[in-house]
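Pasting a structure here, questions to come.
Just so it is clear, A, B, C, D, E and F label the chains in written order, and each chain counts residues from 1 on its own.
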Amino acid sequence: MNRLDTWLWEALQEDLEHGDVTAECLIPREARGEAVVFGREPFVLSGVSAFERVFQLMDSSMQTACLFQDGDEIAAGAPVFRLQGNVRSILAGERTVLNILQRLCGVATLTRRMVKALEGLPCRLLDTRKTTPLWRFLEKAAVRHGGGRNHRFSLSDGILIKDNHIAAVGGVKEAVRLARQGAPHTLKVEVEVDTLGQLKDALEAGADVILLDNFTVEKLREAVALNGGRVLLEASGGVTIDTVRAIAETGVHFISCGALTHSARAIDLTMELFPSPHFSAS
Amino acid sequence: MNRLDTWLWEALQEDLEHGDVTAECLIPREARGEAVVFGREPFVLSGVSAFERVFQLMDSSMQTACLFQDGDEIAAGAPVFRLQGNVRSILAGERTVLNILQRLCGVATLTRRMVKALEGLPCRLLDTRKTTPLWRFLEKAAVRHGGGRNHRFSLSDGILIKDNHIAAVGGVKEAVRLARQGAPHTLKVEVEVDTLGQLKDALEAGADVILLDNFTVEKLREAVALNGGRVLLEASGGVTIDTVRAIAETGVHFISCGALTHSARAIDLTMELFPSPHFSAS
Amino acid sequence: MNRLDTWLWEALQEDLEHGDVTAECLIPREARGEAVVFGREPFVLSGVSAFERVFQLMDSSMQTACLFQDGDEIAAGAPVFRLQGNVRSILAGERTVLNILQRLCGVATLTRRMVKALEGLPCRLLDTRKTTPLWRFLEKAAVRHGGGRNHRFSLSDGILIKDNHIAAVGGVKEAVRLARQGAPHTLKVEVEVDTLGQLKDALEAGADVILLDNFTVEKLREAVALNGGRVLLEASGGVTIDTVRAIAETGVHFISCGALTHSARAIDLTMELFPSPHFSAS
Amino acid sequence: MNRLDTWLWEALQEDLEHGDVTAECLIPREARGEAVVFGREPFVLSGVSAFERVFQLMDSSMQTACLFQDGDEIAAGAPVFRLQGNVRSILAGERTVLNILQRLCGVATLTRRMVKALEGLPCRLLDTRKTTPLWRFLEKAAVRHGGGRNHRFSLSDGILIKDNHIAAVGGVKEAVRLARQGAPHTLKVEVEVDTLGQLKDALEAGADVILLDNFTVEKLREAVALNGGRVLLEASGGVTIDTVRAIAETGVHFISCGALTHSARAIDLTMELFPSPHFSAS
Amino acid sequence: MNRLDTWLWEALQEDLEHGDVTAECLIPREARGEAVVFGREPFVLSGVSAFERVFQLMDSSMQTACLFQDGDEIAAGAPVFRLQGNVRSILAGERTVLNILQRLCGVATLTRRMVKALEGLPCRLLDTRKTTPLWRFLEKAAVRHGGGRNHRFSLSDGILIKDNHIAAVGGVKEAVRLARQGAPHTLKVEVEVDTLGQLKDALEAGADVILLDNFTVEKLREAVALNGGRVLLEASGGVTIDTVRAIAETGVHFISCGALTHSARAIDLTMELFPSPHFSAS
Amino acid sequence: MNRLDTWLWEALQEDLEHGDVTAECLIPREARGEAVVFGREPFVLSGVSAFERVFQLMDSSMQTACLFQDGDEIAAGAPVFRLQGNVRSILAGERTVLNILQRLCGVATLTRRMVKALEGLPCRLLDTRKTTPLWRFLEKAAVRHGGGRNHRFSLSDGILIKDNHIAAVGGVKEAVRLARQGAPHTLKVEVEVDTLGQLKDALEAGADVILLDNFTVEKLREAVALNGGRVLLEASGGVTIDTVRAIAETGVHFISCGALTHSARAIDLTMELFPSPHFSAS
């Protein structure tokens, strides 16, 4: 049982506990039917394998089909998934799978909107570690399906010196020096700066990547000039669909945005069931 | 290890994997400091015990204090939590705990706004099963902290006959009849209806609670009149901060709203670290 | 891996630990054979899926067949299950599966005897939460296979106010009032009473279901009269095969009985192995 | 978290699921009280550490006291355990802990009765592997608390050649020969025989222990004579409180009895709660 | 999911964490290829099922073939395993499976060398409990693949009285007496002795097996003479490829050697990948 | 329960299964004593926290003291750990903790020897991913205790293009190009090369780190010259205590060595128990 399966199984258990008392009263154990899932608004798809595995885990005889791929743009009302099998199994998984998809598609859809706003510019849109706890691997995939790129996955796979680190060691220069000395030789050293002064320190100390936190567009332009193409620059803070293009046009290499994963609105998805005509045991 | 501990531990592992490589380079193993958590906007608090347990789980020598209780309304900038202990432990838990709190406080804050809109009316605000998978027990608590009430927790602890069930058995009356016959004698029978015709069927069939789905305010008024106080009525669909009071004024007993848990915006929270002056091993 | 699989796997591990040292000495790794399971006394069957899954989990090449269904009445000596496959796998699962079946069939058989004693009466036989810890979902299914119905599954899916609650809040009326106020709107309020006086209080306070605990048959008759058909009545205490019909004839709607799950005698089951003639590797 | 804790935690979860909805309506979060557990019939105690750990796991501030030790004989009505602490915690653990104790005390009590029937004889009473799945370590301890001894714990820690093994390899002699050759040198070889002829074969083949299955008392006497003190003899089958002494008087060294663990009747235990006078938050 | 699967899955997770970032950059998701595993030195094979399961767990569409059996002697350079399937899956499992095989084959190879040194003698080579924690079931199997036999698996399945036990109870005789009295009747009593005096005590007290710890070859000869064939003798301490035959020639029945499992050198194994010619998505 | 605790608990279970049958026969339940752990040879210490936690997990009343720190050089015979507490608990953990320590100290000791061979040179010794599966976090810590540094922890936290990747994409240049394009911007790009020609390609393509695999000392010197200080160079293959200094003297920045973790010999450690004089219950 791989990571996704374990995750989905826990999600199913949360909603099923000791069983679906409504369906057990109403639906014959062997009743069969079909169902389709569609959106009531347009969206970018993410979560295809979650959908398929949820129903496989519940009932290995379920037939599932996905008519699109992760990353596709789907029109309102278009059938995205089809299901064929035991009606009780379909109903038992319905809410869980919609709860998963509505969130992942929400993240992918918001990401796609921002990426489109950057069209024609070399700047890349990044996510952050501001993800929903227990959902990081899924939300980071949804960002990719939306066209964004992933920043580091966890505290283990990248050096990023932040304000609290700098406060702790006493300055940008000392922080970068310590990181260069102690970091695994396979990792670059990234440091967050709040001012142009700190930016100069970071450049002098030999940082590989510099995160410009809450810089105005004007300050970003100065920062890009100051850098003169030496290191990679990442802008963060105040990134919205309205500001993202102006930020990118300053010439920074990356823009990172926490809202992609922590505040995307859920997509309105629904499942419609078509019981088989005679609704009898197979 | 109870359910919350297990949940928090998985959340910590997701961000920590094999350790915090930045802090291991920069922060001496024994360095101590203090930190405070505050919001950059006003919010309703939820997640006090999660905060305290996260740091206990990481480092049992950590001192934590919460200056408020779940459900309290907090001003922007007011310190909510204080931490005192090992700096590496503080930094290792920072992102995870903020990711948890920003979501739970978001749910509590949105719920509170809606509950206030109902002030003076007997109608109660309910959540739904449209929660974030793996977060249900936390989000349902956040709804209570915001002043809302919980609908059923899972498929196991309530009978709710929905459109797909009615389609499967052929009609409201038959569905309610089967549920009354087969349901555990400790559960009421709730049924979702889309029209006044179905409402009449549900009343005749002896439903205990009736969910009026996507009724206009006018239709809701007719439904309340038709019911004449016989059974409990719940309205659902199209519930926003702008519509919620008008819906309640129709006289329904409950309003349920999925957006409370699936689309609440994250609260902007931050943690500020104050390293101890000499920053030395204790 | 669903709940049953996980449960069965733990049960197998308990008996297998690091392997079956006897079979490893005596039985060639590839030896194949057949086996049948039968009872040495008549019984009601429960546990068909447990049987099939145990052997599937151990050895996916095992062929299993069940000649009956859960709930069937089986004569002594009648073959119930057939197995065909690897002899070591058959022997490794033998004791575990018999230990499971002897208990579940014991519960189903005792339940069936009591249900037959109620023949022709509208009263329903219920189980309780006095189940064997870790076995509840299986024992509650066995009660259904025996013809009984299930009371609430856990503390989460029903309101049942018992003597200790009443002691804590100071009286039946106050207890029922608090429950009606605070309970989820999908749950009925059931209260346990010890006297006719408490019964009156419960009726006045608006309980939905009343459990008459340790009432004599005569008192039960008075209680039924007092109720006058207003709410559901459940009798409990002193329920045996000898008393159950008299209790039901008082007119209560339900009788609940803890002995169904905590004191059913194990059914005497056995497995007989027929090694393949040449007993050689396949 | 050791094995017992994990086991108890799963047992608690089974009854608690997402919480105790009754207590949450009725009992203030901070209410405190005392409770005692006693039997409504005399019994032999088993399960002291389970009792204490269940309440520790739920609420580490709970005070528990046990007034007896495992193995003690307890009079009806005598208080066995005392609890002091949060009322919700007491009520949340009540059913689970009583379900555990009623079964373990049942096993210990039945064992004690049989052991007393053997008083003055050198013969020892043994349990079997016919235990309740997932309960073996607890039930085997209960047998010891009752004064019995344990047979092998699992398939891994003893060689016991049974009828199905003999059928598979073609005879007692061949089976014992293979076991002596292949078994770990730390294990004795025990073989089950159905006839005196098989007994002779087993003695000749060099078995260390011989299990006489379903022998009449008369045949057991012959077997003891035939053995002439060479190897250990164990009798099994048809062992009840009425037959156990006669079996022992034949001179066998051990009697094993499956009913000790699979068919002991539950002891009738109860918990009585005394809420603190003012029933207020501590 | 059986024990091996769970173990392998944890091993895979340890190396994979949140994915293989190198392969995700370089290898198209659908690229297919073949790979072979071979040694750069001769070795005895152990770990066939681990190899097959690792790749099945990662990717159920992977084709695996093993050209040998556990216990076979393999020449340097000979292909042992073949793989056909998704290139990313092959690379994701490569290091984990080689890390497993290099250790297990190391144990089997060292065991085989020692067993060959005993050729023609009745003495058997045993392992010990000095295994790599979490690897015992695999390393004990590797010892068998090498031609050795297993001593007890754990503290639960054999009585072995060691120096610390003797110190605790005050002497060999008392220790053996207590063990004979209290041990399950299915277990032999083995005792470790350091001197010929202790050996005499052990024989008198009725030990079934005696472990001669750190005896010189000369002392072993005296011990064998003293025993006169009465009980089983096991020699331990100072066992190397150079000494093992001389120890065996003293006439002891068993030699046990911790180095088999704690200090076997890893075998130098490698995997070579052959991408499919067109290396395109299937 | 953190990662180390879970790991240790599984290790304890592996050796304890259903209990220590020897100690249960011989040692009174309440007997107390002291024990010390020491080596029979000099070694570098690693595993202090594992030692302390193992005994805490088994018995929270155990007193443990460590007289040294991880990384200290310990003389043969010097007491390293002291234990005071229940004798059964001491004996139950003895083998598991020694099995853990003997391996970790083995790794730390071998690493220290190699690090000393590099004294005075700027070159750093690195481990690899050739660790014992399920032991990586412990073995990587042991390497640090020995004075080495860690290469990447897993496939997730570093880009390392190896021979099989190069074969798959068709050449060093293309591989480096793809990695630079697709890799997270926080990771450097390291590539393994077998020849000076590939080294030139790697330098041209813009690799950040280059691993020189199985280069002779002479070729390493040429590679260092060719590089001219541009990128970090790592040497691997054929690294032993005899060759490591010569390799370092070529001027490479890092030497990585798999044998540190896969083939370190276990250190010979022992535990000596001193039962309390009266050996009675506390």
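Everything that follows uses one rule, which is that a residue touches a chain if its C-beta (ideal position, glycine included) is under 8 Å from a C-beta of that chain, and two chains touch if they have at least 3 such contacts.
Remember, it's a predicted structure, so these values are computed and weren't measured experimentally.
Chemist: Between subunit D and subunit E, which partner chains are common?
Modeler: Neighbours common to subunit D and subunit E are A, B, C, F.
Chemist: Would you kindly tell me how far, in whole Å, the mean C-alpha position of subunit F lies from that of subunit E?
Modeler: Subunit E and subunit F have C-alpha centres separated by 21 Å.
Chemist: Mind checking the centre-to-centre distance between subunit A and subunit E? Centres are C-alpha means, answer in whole Å.
Modeler: That pair's centroid distance is 45 Å.
Chemist: Find the geometric centre of each of subunit B and subunit C from their Cα atoms only, then give the gap between the two centres in Å, rounded to an integer.
Modeler: Taking the average C-alpha coordinate of subunit B and of subunit C, the gap between them is 35 Å.
Chemist: Going through subunit F residue by residue, note those that touch at least 2 other chains and give them in order.
Modeler: Residues 1, 17-18, 21, 153-154, 156-160, 184, 187.
Chemist: Examine which chains touch each other and state the graph shape they make (line, ring, star, complete, other).
Modeler: complete
Chemist: Subunit F touches which residues of subunit B in the complex?
Modeler: Against subunit F, the touching part of subunit B is residues 1, 9, 13, 17-18, 21, 57.
Chemist: Of all residues in subunit C, which touch subunit F in the complex?
Modeler: 17-18
Chemist: Within their complex, state which residues of subunit C touch subunit A.
Modeler: Against subunit A, the touching part of subunit C is residues 1-3, 137, 153-154, 156-157.
Chemist: Enumerate the contact residues on subunit A facing subunit B in the complex.
Modeler: 7, 10-11, 14-27, 31, 33, 35, 87, 91-92, 94-96, 98-100, 102-103, 129-136, 153-162, 164-165, 167-169, 175, 178-179, 181-184, 187, 259, 262-263, 265-266, 271-275, 279
Chemist: Using the touch definition up top, name the residues of subunit D that touch subunit E in the complex.
Modeler: 149-153, 156-160, 184-188, 190, 209, 232, 234, 253-254
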